[in-house]
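I have placed the structure first, in the form of structure tokens, so that the comments after it can refer back to it.
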């Protein structure tokens, strides 16, 4: 049996689906990006600037190293959180 | 050219995940839904960086030619680790909730305003 | 330095100066004190004068005198019951509903921005 | 002097890096000594606060600062921006001030308030991480970096909300918060990916420079606004907020205000800066959407607050109502800016509204923060949060009562407290857009007064209740933290002109001055 | 959680070194081949999780404490941020890759498209730090959850 | 041609396994379906020329996420209750 809530959910999910589908059709076609300023620069200069053969690692640790610090922090936070959640309470 | 099928799969994953979060009553199912949304977004990022006929952006024994974009791959790495961190935290909270309630029903978590 | 502190706050349509306001308050307070000074000085402590006069009824116990928080504004909540009940029904405390509200707002905004 | 210059030139990075290093070190120091750890945390936050003030002076004097991570040459002026950069203008540093004031007083307050709990090493570590998240969110100039800090904020605050793990309601609140904010963050990431896919850039200024407001951009705008407004607790996406605020430890509720406001900062930044070049194109609907959401937020907040009997939950709904004022002020400005027929010079009240909205961000943080600390103090002294069972506390807790009166007057906008100054700006400017708006705003302000008078009556006035005979005043560190915030409130109330001219005005200017934000990109 | 049968234990014991060595290889060659600190750390952590599942959390709790994992993770995080801080001291900017082009370890300058194990500047150092952190962090999460669940089973 | 076929088939398989993960009543089975989805996703990443992400997704998504999901299911309840 469908309630009023279910109808509303289905309706709004449909709206979101339609809009997202349209945006997916309007964004650049699969496999041929239309702009490549940032990435092309990285592909051209990685080996000279960072001395790494792996483009992704050079982005992760050099060009966008600060993001990686944030990511490491997220993991640290999660571990701290899990330890805190399962901590022993004082009796 | 393939008519943006991977892009549409992204929308499919996001909507499947969202409907799981909205319609399912089981807390672990809700978490699985969130994991699916995460996978969808990750797939979207990688798909954005793909170029037709490219190789991976790694020069060690690379055949040359065009390369896929490295930045979205780096972003996806970050997003994957964030995803597992969030999932771990949610699951540990769910274990606690089960200890208190004895059930995983989401409707047990009533508000205080009723 | 001092005049920087004493500047008047210009709001675009008028002005507002809290210092003046406070000075006015102090002046009014002084006037009140002075007027109070003219009052009757026969007041005695420890006599029947200090007891509350409840139309001759017995005074309640101290703990019963305190009006509970949920009883305050009773009339207002009673007359606005239809609004409050609707709002209470909205706050289910269910995570799925929270996400559903997010989806609803996103859908409405998508319709507003995307179609216009 | 040279060292100071050196410090100042690296201050943007240090603002995030030093609390982060502190967070990593806290568990190690906590093994040595508890007291040492508390001093260490407060010291780290104090040092960060000094850095914020030093940096603020520099920014208010000489405009936005750009700090590039990893290289002295940011590749600015060539065709694109490769590295992550911090782009700190007056608005960013304004929000950073709020974040650091809240964190500092929370750390001070926790000393006595949390003393009897276990797991405090992790607690303090998470407190610092939460500060890092807020500071990073407001300082960064890169969309993906913003997302990463958003996630740090949500994970840290989720773990802190669930601190009282033996209380089922806290765990529920933490779970609800993490689900809601994760989904919001994923949609933010989706929007970032949409923008990235179109323009191959992640830098906010670079994106703002190249945005054309195509259909995909519209979708991205809506995803960003909806998700960040949810993070900011705007009705009808506010329901996680009372749960989280009321079930967290009081010191954490204090910082959670900062996280919601960081979410609001995201909304403002996206609307005014990221989509700033096309601000006349998003039609008027976005501004009106903000105004309507703001009105809804106010009304729902006050009505729900009026019927609450739980002390902290009531304050949480009051905080929601306060969020509405900010949205109202900023939305009013946006409706004018987005209307191509009216320039800002023709409608000076729009700028006043923006100033009021931003000033209210700071005031709200202070007022609600002080009230939460009072609620925490009452809980600390009596172990009771239900207003139905409290009463007569004014006789035993004199200082707390005074702080509560200050907070009450401030939050309901009674002169001469700080809430009045910002609300006055909002009333007067929204009146010129549409009188109904300001009438509703004033009405909900009156209701706020009524709500907090109810609390005052129920908790502090009345006869001395026998069960609270032994109640004592709270320890000194909690009073110190409350006094710290109360001093801010009184200064802001007595000298609103000073505050508005020195920090709010530059922040509002920075928000609408889109070219200034992108100056380093366009003009070299 | 108790251990599994002898067959599982033996097979886990045999495959464990290979998984760990593969993970460490992925970490060490992060700047040359696909992989890096995160991926390698995840691989090693899954190997450890395999051992945990095979031998049971009770056995694991006698070998390692969650304290130590948390400490190890802190050390990894501090190492990572320290390398970043050294960027201020030696390179002038936070996160500067100050080692590339110097005579230090990993400081070699790659000829066109021929980076080797000695190049990459701070990248390998950060890889190691992040690898340590991820091993400790991810295994820590699994370990703590397993421990909590087995405790609950005992009490129930 | 074969690559294009894979580009069409893999996303469909991913969606199917996501759907299965949602629809199954047995939580353990749906955790396995999530693992299968992660594995297919990592294959898709590999085909989209992202070997780094493929390793990470295989290690984190398919192995560790599944491990903590199964641990959580072990600590709670295996079957999803009927309404």
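So that you can tell them apart, the chains are marked A, B, C, D, E and F in the order they are listed, and the count of residues begins at 1 in each.
Simple rule for what comes next: a contact is a pair of C-beta atoms (placed from the backbone, for glycine too) under 8 Å apart; a residue touches a chain by one contact, two chains touch by 3 or more.
The structure displayed is predicted, hence computed values, not measured ones.
**Student:** What is the set of chains touching both chain E and chain F?
**Tutor:** A, B
**Student:** If you tally contacting C-beta pairs, which pair wins, A-E or B-E?
**Tutor:** A-E
**Student:** From the mean C-alpha coordinate of chain D to that of chain F, what's the distance rounded to whole Å?
**Tutor:** 38
**Student:** What is the distance in Å between the mean C-alpha positions of chain A and chain C?
**Tutor:** Taking the mean C-alpha position of each chain, the two centres sit 46 Å apart.
**Student:** I'd like to verify one number: the distance from the centre of chain B to the centre of chain F, where each centre is the average of its C-alpha atoms, in whole angstrom.
**Tutor:** Their C-alpha centroids are separated by 10 Å.
**Student:** Determine the centre-to-centre distance between chain C and chain D, using the mean Cα coordinates as centres, and give it in whole Å.
**Tutor:** It comes to 24 Å between the two C-alpha centres.
**Student:** Where in chain F do residues touch two or more of the other chains?
**Tutor:** 7, 50-53, 56, 60, 64, 68, 71-72, 75
**Student:** Give the residues of chain E touching no fewer than two other chains, as numbers and ranges.
**Tutor:** Chain E, residues with two or more chain partners: 32-36, 38-39, 70, 74, 77, 81, 84, 94-95, 97, 113, 115, 134, 138, 141, 144-145, 148-149, 152.
**Student:** Send over the residues of chain C in touch with two or more other chains.
**Tutor:** Residues 91, 93, 95, 97, 99-100, 103-104, 106, 110, 114 of chain C each touch two or more of the other chains.
**Student:** For this structure, enumerate the chain pairs that meet the touch criterion.
**Tutor:** Pairs flagged as touching, ordered by label: A-B, A-C, A-D, A-E, A-F, B-C, B-D, B-E, B-F, C-D, D-E, E-F.
**Student:** For chain D, which residues are in contact with chain A within the complex?
**Tutor:** Of all residues in chain D, those touching chain A are 20, 23-24, 27, 69-70, 75, 78-84, 116-119, 122-123, 125-126, 129, 132, 136, 144-145, 148-149, 151-152, 155-156, 158-159, 162-163, 165-166, 194, 197-202, 214-216, 219.
**Student:** Which of the residues in chain A end up touching chain F in this complex?
**Tutor:** Residues 30, 54, 56-57.
**Student:** Going by the contact rule at the top, pick out the chain A residues touching chain E in the complex.
**Tutor:** 47-54, 56-58, 60-62, 65-66, 68-69, 71-73, 75-76, 78-80, 82-83, 86
**Student:** Using the touch definition from the top, list the residues of chain C that touch chain D in their complex.
**Tutor:** Residues in contact with chain D: 4-5, 7-14, 16, 18-19, 21-22, 62-63, 65-70, 72-73, 76-77, 80, 83-84, 87, 90-91, 93, 95, 97-99, 101-102, 104-106, 109-110, 112-114, 116.
**Student:** Give the list of chain F residues in touch with chain A in this complex.
**Tutor:** Residues 7, 50, 52-53 of chain F touch chain A in their complex.
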